[in-house]
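In the two assemblies presented below, subunit A is common to both, partnered first by subunit B and then by subunit C.
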Partner chain A sequence: MTSTLKGITLKGSAELVAEFFSFGINSILYQRGIYPPETFTRITHYDMSLQLTTDPKLKNYLTNVVSQLKEWLFECTVQKLVLVITCLETSEVLERWQFDIECDKSAKESSAPREKSIKTIQDEIRSVIRQITATITFLPLLETPCAFDLLVYTDKDLLVPDKWEESGPNIINQSEEVRLRSFTTSIHKVNSMVAYKRTDSV
Partner chain B sequence: MDLDDDTSVLSTLKSFNSFISLPEHPQRPSDHSATGSGILHNQYKRSMELLEAAEKVQSKNRYLQLDQEKKRMEMSHKRARFELERAVSDNARDLEHEVDRNQDLVGRIKKLEGRETDAAKNLCEQVEASRALRKNLDGLNKKIDERDSRLNTANQTISSMKDEIRELKQQMQNKDSTISAQTLENQELQEQLDLQRRKYQEVSQLCQSLQAAESSCSEHVIKIKELERRLAFQEEDIAIVKTVKLEVARLPDLEKELKRLRDDNAFLRESRENCSLLKEEVEGLRRKLERMEKTKEELVNMELEKERLAEKLKAWENLGQSTGLNIRSESSHTFHLLISCHSVSVRSVERSQAELRAELSQQRSRTMEEQKKREAQDALVRRLQKRILLLTKERDGMRAILESYDSELAPTEYSPQLSKRLREAEDILQKTQNHNAEMEVRVHTYTNSKPQANACARTFFSSSRQKIEDLEAERQRLEEQNNILEMRLERHNLQGDYDPVKTRVLHLKMNPTSVAKQQRQQEVDALREEVTHLRELVRSLQDGGALVHSQDESNLRKQMESSELRNQRLKEVFQRKIQEFRTVCYVLTGYQIDITTENQYRLASVYAEHMDDSLLFKKGSSGSMQLMETEFSKTLGEMVALHLHHQKSIPAFLSAVTLDLFSRQTTL
Partner chain C sequence: MAEGGDVEWELSKENIQPLRRGRAISALHQALSQQQEGHSSATNQQRQAFECELRMYDGEDPLDVWDRYIKWTEQTFPQGGKESNLATLLERAVTRFTDEKKYHEDPRYVHLWIKFAENCPEPLDIYRFMQAQGIGVTQASFYIAWSEEYENQGNCRKADLVFQEGFKKCAEPNDKLLQFHKALQARVSRRAMMDVEEEESDNEPKEPERVSLADLKHRGKKKAIAPVNRTGPAIRSVSGGLQSRGTSILGNASNSRLMIFDETKTQSAGPSEPKLESWMAPPTSRAKENEQRPEKWSDVKIPQKSKFGHTVMAPPPPKPTFQPFVEESDQPPTMTPCKINPAVNTVLSARKPCREETPLKRLQDHHHQQREGEAGKPQEQSMYCKELLLSGAVEFSFEELRAERHFKKTAQESEVRRQRDQANASTAN
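Presenting the complex of A and B:
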């Protein structure tokens, strides 16, 4: 798609960002052990090996969310994507992976592609995913069974599609936040950060 | 065909004959005249020709015959062939049939052979089976015999059982009667149960009504509490209202005070201005004072001079007296004139002095101004000199550049442009210099135009400086606040806060967390249902068991009682045995051993002199016994040292103690 063209269009940028989210969410789910490791398979992308789920329900859910997200990225109406990890027994939020999306709206008006090579974007994405993997060292262990949810922060005047509903922000009570790397496609800029519940023993 | 051939043959014969006959006739007459040899030759020739023709005809005939025969033969051949072929085909068909039949037969043979083998096998198997069956039969026969015997015994038992049955039936009948009696009792009991149930229902209804009443009571209590709270709030409101009323009553006074204060403020502001004016007046007056003091001094000087002059006058008057009186009057007149003139002159001098002083002050002020102007001018001059230096340096540099350009470039195209540029730059420079000079002049005029208002300017400057400092401090405070707020905002943004006016948070309805929660809830519900079900089962079992298994319960109770009795008996037995053992130990060893506390043993000797004399032993953690200090053990120090420390034997020690006590007792 955009690999053959020289520049990045709005559509291409939306696809790159959506692809990053798809792989990023999969690797977070694998690293945090939300789903058993045997339900994941190894694939190669961005010149590194990543884990992708084979659970059909989870795959279906992720494709739904990512395809809707691609549309919203194309329309530049999405502000954040948040992956919330909740403990099933106590229903409290333990971890929050937040990705802020800044969209250059001027790319909507002009259809000229921007000059940024796919390779640099992929290098940046690779470093972000490596950093996500490295953060596991200081995150507290998830000992109880957990489930995850994906929240999307959009503009208020957006039409809520079918199967989507409004929800709360699921903010962690007493959290520690860490800002991670960001990457930009020159149309979309994605900042990553993780917030986790402070453990009193630390 | 033969007939045709025959007819053709005959016809040809006929024709031949005719031909033969014909030529002979014409020939004879014609050739009669000819020589006889020639006639014979011709006749011979003709005959030969005829013969040949006849032979030819014959051969033709024969040929034809042969042909016919050949054809016939061929026909017959063909017929024969056809028939043969038919026969052949028939034969072949027959052969094929025969072959098929053969094959069928062969196949059948094979099948039959197979069947034969199978049958043979079956036969063998059947034979074996029959043998086995025979064996079984034999066994079964044996069993049958056994069973027959058993049957006989069973029949006997049956008869006995029948007798028993009869007896049991009699018992049954007895029991039936008892059962009927019991059912009657049961019915009575059930009626009582119904009565009780009805009572229970009434009671439960009463309970429910009670509970409803209690709930209504609690609701009323809650309402009462709410009303009390509201009352309290209202009382507070009343108090607040009263205070507010008081404050409102104070309002007109406050307004009056406000007006008064505002008037005071205005008055004070005016007075401040007046103050400033007054200060200026004061300064002016001070200067006047100075001047006046100076004039006073001069007055004093003048008075001193006056006195001197008066003295001189007196001297002159004395002189006048000494010389004559005329002169005095005149001289006094003249003196008076002179004095008046002097006074006038003094007054004029004074006036001139005052004027001079005023002029002096003015001049002084002017000199101050001039000094200031001069200083300003000096500063200007210095600045201008500096500027001149800079400009001369620039000019030299530009000139050097120009000269360099001129020296480098021969053509005259560049120099006019450069010179134009130079002129323009110089013009601009001059303009800026003029502008600067004008600005400085303006500044100086501004500063010099208000020499009297320097104080005001100073105050204004100081107040403005203070304002500037205040504003700077506020700015810094606001910057710090701004930084703090930005950090808070950043932190909230990291935590995931959002502005509800601009942003909305969405998620899919069927998301893994909700699904997992639903599953969990379902599990919990299922478990709860199971638990309630099991509880009901247990309750039903308990209730049902009580009625049905009353007998078992009584059995269990009896078992329990029996086991308790057994326990009690065992305890008594143990007690007795222990007591026996202890008495025997006491009698044989001479020591009564009691356990005082855990791991502590108290030994009292039979020959003890006092009741309290006892030895205390403690069992250590390693299992070894250690002697503890008691009053009695203190008296046995030697024996302790010998037997326990030296020999390390407790039995020796104990026996030594017994012997010692025994010896003491016997001696006593």
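Presenting the complex of A and C:
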């Protein structure tokens, strides 16, 4: 019994990673000012204070995405999650937050829990979110009102659910890319990266 | 977990000034790694190269060099500060082209002005100056920056007026101006909405507040216990305490004209009571107790030089009747250490810029001087290439300029020789 407390199963891992995306997306939306700051409320999670949206529509949308994502994480069919920030007027892509997900598919066969405590995983997640917050030191100011979009890359053979549609990659040309920290639950590994428009192209 | 140099920027994130246009991550890495080793010669060389280019440039577009130099400085010195020399650079660049009409509507030049204004203590003055000079008056970015400054100072009406001015002047790009104007309106209306909401919530019945130093009705029969609820009916007499005591004293000495100030009473007298009185004198800057006021030292004498050359000290105090203990090894100091009188200090100290000398003031002076020069008034004329020596952010010497010219010449000559050699070789073939 004690060993199950310390280890992590596929289900638990999927939940942890989905939770990270929920908080991570919320932080990005807050930090980059996509939604007005007064529509966020502060909560404490991972031993740090995080901003969570209170906008009902956005909340609903994010819950939908995250629960779908959790399913895919559990099936190990998701490869990437990308948050794209576009200019509302020109729909030009200004920023692209990319989270590459590496799934260990062998975890689907053996249900034995892996040896990694939740605390260490959460510590790793915390440093990723900290780094997301710190990126404002070099990211350009988003001067225009912006919209965001979430893209999920899955395995090719997967059926697209009703509420989802296929889309292009929305890549920025002439971009500057910065790798951020990564974390792993030993089943899912998440590498983060942010791309933004290069300065001299302005 | 930590990926090598990638954590570098995170460790010094507090020391990186955010830029409107963002930073190139490679330049940032380089700058931060150089900082740890101290500024390398590569940075200095690059700066020297820019300084040289500023002086030797003889093309069509001298602003280009300045623009590149300033952008490089921003990226290379992420923490800004004196070392980067950015403020001086901006000021020099901006003053340099004030009279060149061809740059007045150049977006690069206008951006330099805006950056310069943001570095100044009074940006609004700079924007007004720009308007008066006709710099950037058809550029949308000028009006946007000006309006943002007003908005930051909380003057949304003026911020809106600036946009109106921009529309009147048909500033380009027009859609950008429109977009920012719309965003401003949205922000203002949202703020107004929030204020209304707050006021509405203020109108709700207030929680009764506790009064300080109020007499409470005690609870309990045998033992007096303070009540848990200490508002409203639990207070014995809100304003009575002071009054009752005051009257009893007054009763004893009926003749005294002593008035007792009662805070609660004056408040209830009506809201019209507080009058707006003009300050007779500005409030003292520091509310400090036990502070000694400066006063005239009329009875203090400055030690004067006698004819023997040494200073005459004030007559020593009468010798004490006891023998003070002096340690054997201890040499009594011949003189008490005191601050050297700055008037007789032989060491030259750097002249401090006087307070009035703001960048804008300097700019106006510069402008004024040039006007006078145009008007034909006799003006100082330096008989050397002063412009070239001082034009950059760093001062150059004649030798540096000469060396630069020499290198250029030799490079040209060797180039010509090489071409001639090649030509000879081809004809020989």
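We take it that the second predicted complex is superposed on the first by the 196 of 202 C-alpha atoms of A that agree within 3 Å, B and C clash if a C-alpha of one lies under 4 Å from a C-alpha of the other, contacts with A are read in each partner's own complex, and residues count from 1 in each chain.
Here is the rule we use: a residue touches a chain if its C-beta (ideal position, glycine included) is under 8 Å from a C-beta of that chain, and two chains touch if they have at least 3 such contacts.
Here the structure is a predicted model, which means the values were calculated and not measured.
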* Report clash or fit for the pair subunit B and subunit C bound to subunit A in the combined superposed model. => fit
* To do: Check the residue A:S67 against both partner chains and state whether it touches subunit B (first), subunit C (second), both, or neither.
  => neither
* In the superposed arrangement, which partner chain does A:D155 touch: subunit B (first), subunit C (second), both, or neither? -> first
* **Touched partner set for A:L139, first subunit B, second subunit C, both or neither** => second
* Asked: Comparing subunit C with subunit B, which touches more residues belonging to subunit A?
  -> B
* To do: Tell me which partner A:E124 touches in the superposition: subunit B (first), subunit C (second), both or neither.
  => second
* To do: Return first, second, both or neither, reflecting whether A:R179 touches subunit B, subunit C, both chains, or no partner chain.
  => both
* Structure fact -> When the two complexes are superposed, subunit B comes to within a least CA distance of subunit C, in Å, of 6
* Touching both subunit B and subunit C, residues of subunit A -> 145, 177, 179
* Interface residues, subunit A side, partner subunit B - complex -> 58, 61, 64-65, 79-80, 82, 84, 86, 88, 91, 96, 98, 100, 145, 147-156, 158, 160, 163-172, 175, 177, 179, 193, 195
* To do: Note which residues of subunit C are touching subunit A in the complex, please.
  => 1-3, 6-7, 9-10, 13, 16, 18-25, 28, 71, 75, 175, 179-180, 183, 190, 194
* To do: Would you mind writing out the residues of subunit A in touch with subunit C in their complex?
  => 36, 38, 89, 124, 127, 130-131, 134, 136-141, 143-145, 176-183, 196-200, 202
* Sort out for me which residues of subunit B touch subunit A in the complex. => 491, 493-498, 500-517, 520
